[in-house]
Each structure stands twice: as C-alpha cells, then as structure tokens.
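Lettered A, B, C and D in written order, each chain numbered from 1.
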Amino acid sequence: MLTIRRLDLADAGVLLAGARARADAIGVPMCIAITDESGQLIAFERMDGGKVTSATIAIDKAFTAAAARKATHEYGTASQPGAPAYGISSAIQGRLMVVGGGLPVLVGGEVVGGIGVSSGTPAQDQDVAQAGIDAFLAGQA
Amino acid sequence: MLTIRRLDLADAGVLLAGARARADAIGVPMCIAITDESGQLIAFERMDGGKVTSATIAIDKAFTAAAARKATHEYGTASQPGAPAYGISSAIQGRLMVVGGGLPVLVGGEVVGGIGVSSGTPAQDQDVAQAGIDAFLAGQA
Amino acid sequence: MLTIRRLDLADAGVLLAGARARADAIGVPMCIAITDESGQLIAFERMDGGKVTSATIAIDKAFTAAAARKATHEYGTASQPGAPAYGISSAIQGRLMVVGGGLPVLVGGEVVGGIGVSSGTPAQDQDVAQAGIDAFLAGQA
Amino acid sequence: MLTIRRLDLADAGVLLAGARARADAIGVPMCIAITDESGQLIAFERMDGGKVTSATIAIDKAFTAAAARKATHEYGTASQPGAPAYGISSAIQGRLMVVGGGLPVLVGGEVVGGIGVSSGTPAQDQDVAQAGIDAFLAGQA
C-alpha cells in the first residue's frame, strides 16, 4: 500500500493567491490552475482579462507538471527537433504541455501537486507560477 | 455589434463561497464550477473529498446551463425516453449535461454565467448550486 | 466511377435564408447549418441570440441527416429503449444526432445535402429546417 | 460584472463578404469562419472548391485569433523550434492554430471577434482574412 501526500484546497488557495498577486504586479491577467499530485484539478481562476484559450492550457500545464513530475519548460528543451523527447507535445491528445508555465509543487522532495499559468509570454507564465509556489513554501516553513 | 454582460472573477468568488457554505452545511464535499455566459470556465474548486470524476461533470454542467441557457435538470426531464430531446445527453462529445446540478445565472432576465456542482446526489448538487446563486443575488440586491 | 450531385454555396444560401425567415417568423433565433451529401459543412449561421451549445448541435444534425440519409427525428424513434437502434446517439463521439431538427435535402430522390437547426424545441428546430428545404425546392421548380 | 462587445451576425456577414470578394479576386476558393470574441462560431462559408479539411482549420484559426487575441501567424513565429512557445500548436486538442490566416477583429482596441481563412497558402489565407477585416472596418468608419 502507498501513502500519498497531496495539496488540499486550502493549499491550492495559497498557491492561487501567490500567483494572482504576481500577475497583478506585472499587469498581466492570467489563467491559473492547481492540480493534485495525479494531475487532477483542485482549483482554477481566470482573472478578468485572462484568455479563453488559456483556461485549457493552464489546466494542462498543471496536469503535465504534476503528473509527469517535470516543469513544462524542461519538456520544451527536451522536445526540440533532434532531442530525445521530440514529438511529445502532441501526446495525451495534446495535453502534454512543453511550453513554460507549468511547475510541479514539491514538499520534502515529493511532488504533491502542480501549478499551471497561461495568458502571458511563457516566461511571464513561469514567473507567476513560481510566485505561487514561493507563497506556498513560505507558508510551509 | 452586440453588448453582453458577464460575470467577473469577483462575482464567481461569491457564487463559489455560497455554494461551498451550503456543501459544508449538508456535509457533502463538492466540485463547483463557474462559467461565463458563453460557458467558458471562470473559476473552479474541488473541495477536499470531492470526486475526481466530478471535476469534469461540474464544469460541463455549468457550461450547459450557461451556453444553452437552461437548468440541467430541465434537460433531464426533456430527454427522458419518449420525450422530444431524448438522446441530447451525448451531444457535444457528452458535454451536454442532463443531470441536475447545473443552473444558469440570470441578472435582469439575461444569462450572465452558469454554475455547476457535482459529487452528491443530483438533488444535493442542484441545492448547492442554488445556494451559490442565492448568495450572488443577495449581493446584487 | 461515381458521379455525385451536391449542394453548392448558392444553394446553401437559399436554404439558410428560408430557415432564417421562418426562425424570424416564430421569434426563435437559431443556429442553422448546411452540409453537403457527405455531411461536410458548407455554411453556418448563428442568429443573434442563438445558443452557443447549438452551434455544434446544428452542425451535427445536418451531418447526421446528410451522411446517414435520414431525418434526425426518425433516429429518435428508432433509438428509443427496446428499439433496434437503441444507443446509436452516442456513436461517432456523440455526433450521431437523434433529436429532431436535422433533415436530408433531396433532389430527384437523391440526397444532395443536409440542414440542421438548433436553439428551439426539437419541433421548432424541425419546422425551421423544413422551411429551408421548402425555400430551396421552390427555387428548383 | 463585465460588459463585453461582440460581433453580431450582420457584422459577420460583412466580414464574410469582404473575404469572399478577395478570394474571388485571387482565384482561390476558401473556407471562411467568423467567431465572436470568445472564439464561438457565428458564421461560416465553404466556397465552391474550398477544401474539406479547411473547414475545421478555418474555424480553429478564427477561434485562436479571437480567444487568444493574437494573429495565428504570430504564433507561427513564436512557436518555431527554439522559440518560447514551441509546441503550442498541439494545445487544446490541436485547435490552437499557428499557421497564418487567423486574425482578431478589433474595435476601439478591444477584440470583438475573429476571422479564419483556409484553402490557399498561409499568405493567401491571411490576405483574404485581412480583406474581410478591411471591409468590416470600412463599414464602421
């Protein structure tokens, strides 16, 4: 039998709030998704002005980061033409995201969830996702 | 050109909070989704203990209620064997929900969004969705 | 080798105009789709106030009527519990529509296209689809 | 509550007519799709000779341009190997189009809809889409 540690809804709220604050600070309204360690959605927000297409993309970034236990931008590097994971971006009916903005959430070296952000540039999305994690880890300390 | 009114994220938060409070009161952890008037997701929460399957179901109930401008339990009645809309439940790749728990959100007679709830019985889901709407309308008054 | 007769875009415009006029007359803004004899989309209109969910449903009703060469309400009868085609409504990822409002377009006994209508009751949808066909056939006479 | 401006069906007709006239002028029969600001289909035409595959592609180009508020050819540049959005083309089950021919429709700096064109080269598709927008904006002036 396995025992799994997983974000709860209160944790997801902390991640969302941290990401939202950073999105406000840089002036880019975002879609923000939080999943559990299996990639299943816990919480989602489309800020006023976030893109409609980014709802699915944010959810899929969080899914990928948690369920594959890998930041989506790392998949971006690994899936370039000629690289070993080339073509992985169309896996799982396109849900495997290789664009930056999806990060696993780790506690004690274990993945306990994922955060995915979309509507800005991939660098902005990743920055906002990291701010969510920073807020969460500050609360864990 | 058309002019459309739509829930914003703050409105979605009021709907979520009203539904969550009712779910807590009846002791059934729920998945709760809020969409805009076109059925696009604005906010989502899976309460601790909410069902994994119910995430998609709640999102699709809210989508149906908003984008078809009809409560999902009304589709349930209209789609019984022998009734005119029999078979509609598999439309749109199964996203057209005919199980209770999806309600359109109306302001001044116009649909401005939808709320979808899942994890309890359909009657519980509908009750919790209505509580979200009641909380929202109380704030509008 | 086969020679196929098929609606052209001008024909589709006549079908659309006939259906739209009837929708206006009964005061129900509709989604209206016209396909060729293979079920491939030629033309589509969502009238102001037509339902978002009905875009896909109208397209799939026209697809079903043309490609299966059968009115969708006939599938409704044939797919009731205990009837031979029970369960067909979920075929083709749910695109096989069994709700009224999809009609094949026939010329000289051959199916040359399909029309699908959605946003009203199934009876209203079928009535508006028939008005499109009536307008088209009047032009053929 | 948010207040949104959106193309109506008459606007969509102007966009279609402008695009169709340009397609006729260059002698390339096109599929042309018009969506609202959320990417939901308002109107579609497959000109006689337009490609069957291009129906979905035109609809998805219009969806992308409106709902992501970005021309599809800009995504083409941003998603080249080594560029930040590499891999985005398979997002949303492949609906996120990065091939030219999808343009957002802007009024007063706000996206009110999208136009997507397909059947020619991407440059021809984009040219025809732009002609639709030019016709629409001429009518707004």
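Note that in this section a contact is a pair of C-beta atoms (placed from the backbone, for glycine too) under 8 Å apart; a residue touches a chain by one contact, two chains touch by 3 or more.
Going by UniProt, the chains are A, B, C, D = Heme-binding protein.
Computed from a prediction, not measured in an experiment: that's the story for all the values here.
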Legend entry - Chain pair with the higher count of C-beta pairs in contact (A-B, A-D): A-D
Legend entry - Whole-Å separation of chain centres (CA-atom averages), chain A (Heme-binding protein) against chain C (Heme-binding protein): 42
Legend entry - chain A (Heme-binding protein)-chain D (Heme-binding protein) separation of Cα centroids, rounded to whole Å: 29
Inset, instruction - Round to the nearest whole Å and give the separation of the Cα centres of chain A (Heme-binding protein) and chain B (Heme-binding protein). - result: 25
Inset, instruction - Give me the residues of chain A (Heme-binding protein) that touch two or more other chains. - result: 48, 52
Inset, instruction - Pull out all the chain pairs that touch, please. - result: A-B, A-D, B-C, B-D, C-D
Inset, instruction - Using the touch definition up top, name the residues of chain D (Heme-binding protein) that touch chain B (Heme-binding protein) in the complex. - result: 1-8, 11, 36, 38, 40, 107, 112
Legend entry - Residue numbers on chain A (Heme-binding protein) that touch chain D (Heme-binding protein), as the complex places them: 48, 51-54, 56-57, 60, 75-76, 79-81, 89-90, 93-94, 97-100, 121-123
Legend entry - Of all residues in chain A (Heme-binding protein), those that touch chain B (Heme-binding protein) in their complex: 8-9, 12, 38, 40-48, 52, 55
Inset, instruction - Under the touch definition given earlier, write down the residues of chain D (Heme-binding protein) that touch chain A (Heme-binding protein) in their complex. - result: 2, 38-39, 63-64, 67-69, 81-82, 84-94, 96
